[in-house]
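To keep things clear, I will list the structure first and then write my remarks on it.
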Amino acid sequence: MAFEQRIRSSFAKQGLMSTIGASLTLVQSGVVEIELKPKSAISQQHGFVHAGAVSAIADTAAGYAALTQMPAGRGVLTTEFKINLVAPAVGDVIIARGKVIKAGRTLTLAQSEVFAEKDGQRKLIALLTATLMSIEGRDGISD
Amino acid sequence: MAFEQRIRSSFAKQGLMSTIGASLTLVQSGVVEIELKPKSAISQQHGFVHAGAVSAIADTAAGYAALTQMPAGRGVLTTEFKINLVAPAVGDVIIARGKVIKAGRTLTLAQSEVFAEKDGQRKLIALLTATLMSIEGRDGISD
Amino acid sequence: MAFEQRIRSSFAKQGLMSTIGASLTLVQSGVVEIELKPKSAISQQHGFVHAGAVSAIADTAAGYAALTQMPAGRGVLTTEFKINLVAPAVGDVIIARGKVIKAGRTLTLAQSEVFAEKDGQRKLIALLTATLMSIEGRDGISD
Amino acid sequence: MAFEQRIRSSFAKQGLMSTIGASLTLVQSGVVEIELKPKSAISQQHGFVHAGAVSAIADTAAGYAALTQMPAGRGVLTTEFKINLVAPAVGDVIIARGKVIKAGRTLTLAQSEVFAEKDGQRKLIALLTATLMSIEGRDGISD
């Protein structure tokens, strides 16, 4: 799909995703997954994955899920998100699954569920809802 | 202050803060500031500082502002936050200023304003509100 | 079920639900639905159902969904909610469907989807996530 | 001011504000206050003012604060809000004070503080942040 290539290229430009060690593992129409391996470089003070790192992959998954449904040449910006953190982010891998709830011309609502997987078992650790804005022809933003 | 030392020690244990290059620049009763220098290692796809990095320092500033007002030995966990991103995170430095809005026995509400400073001028780029939970004697959490 | 009777009694004590004309239409373990008929008495300035009325039924549905999973004698209070309003609240009936996402000892995360039904077709108009606190023996709160 | 008359006319069209007994008590550039007298008709099950009624005046105050800074002929819609409820809504009067945080061409961020006043003392009971969208020439929306 054209959008998959577009999103993979865009993800590769996100310095933060590389810095925290996040991988883009699924890109489908309206659904994007990003994974992160827990390690001390992304921890908070108790050794769990930092809420900021969890939020970063959840926001990014929501944003790219929204971008899959925007016309080519459009860019996406997060205008707001809220995240509820319901369990400590510990496990073998942390997976954020973003999906579009309602795509609009200017604003799109997306939601990301974040799971911690341990020994093959997934547990919900966070839920994010985000508003994404479609941007055209502004400051060269196109992804 | 006892709380300042406690918070500086706790901050030093946050791998993510070190990884993204954040500094703890102010610790007062009810108010904490954290700064971050923009660089490509923490960018999103358009070259701005990633919303996840902005959220990480804003959440951390809010959490430590709350911790300044909790009894020694208590730990703090974020249960939820919401952030509105009102302008691109670009500038010489990004500053998150967290302050306590309402301290409670179990839950504390804190807010962080995030500013981008350029040529000595500060501009609001984001506003976060967070609920922090005071934790005692659970899993060895004490900061 | 014991919880159904408990929730129906509690709902009947909510003056606001009666004032805006809301009905409790479904009570199951972890799921509660509340309906509202659009009328000028609950409108905003453009004639749509007011976001405050939409929020009121969505918050109440989320709260009672949480209460279905708390021990008898516990009361429930909303500590925060966020609602995204994705389409105007117009139609034959507005339906808020609250469900529990994660039940905890102190805090429960619940979510409400709000639909507008017109000519038998349902359309999502809002999405709410709420944190509910379980209260025991405080100020006589028991529902 | 032209905007004051515009907002007073718009408020008068809000059926919900009249139904719950809310009054528009202050309209200034970027700041709007709305008051509500506690009574059983707007209660939740414990006798406090319902979070839905608190949210309704807080959202409306935020929305009109935003509208004071939009060009004449523009309408305002709430796209999302989050509210933290930090103390029970009880007292002689509940006051929502909305103010603009950042006015934009399409989206405006506003915040409302909600106070309960008892015996002349004000106490913060809730804090709301809302995103308001400026609408032009759509479905006759002009306030």
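So that you can tell them apart, the chains are marked A, B, C and D in the order they are listed, and the count of residues begins at 1 in each.
The rule is short, and it goes like this: a residue touches a chain if its C-beta (ideal position, glycine included) is under 8 Å from a C-beta of that chain, and two chains touch if they have at least 3 such contacts.
Computed from a prediction, not measured in an experiment: that's the story for all the values here.
Greatest Cα centroid separation from subunit A: this falls to D. Subunit B and subunit D have CA centres that are 29 Å apart. Averaged Cα coordinates give subunit A a centre that lies 32 Å from the centre of subunit D. Centres computed as Cα averages put subunit A at a distance of 21 Å from subunit B. Listed for subunit D are residues 79-80, 82, 84, 131, each touching two or more other chains. In terms of inter-chain touching, the protein chains here all touch one another pairwise. Contact residues of subunit A toward subunit C in the complex are 82, 84, 86-87, 101-102, 104, 109, 111, 124, 127, 129, 131. Chain contact summary for the complex, subunit B toward subunit C: residues 79-80, 82, 106-107, 131, 133.
Against subunit D, the residues of subunit C that register as touching in their complex are 10-11, 13-20, 39-46, 50-53, 55-57, 59-60, 75, 77-85, 139-141, 143.
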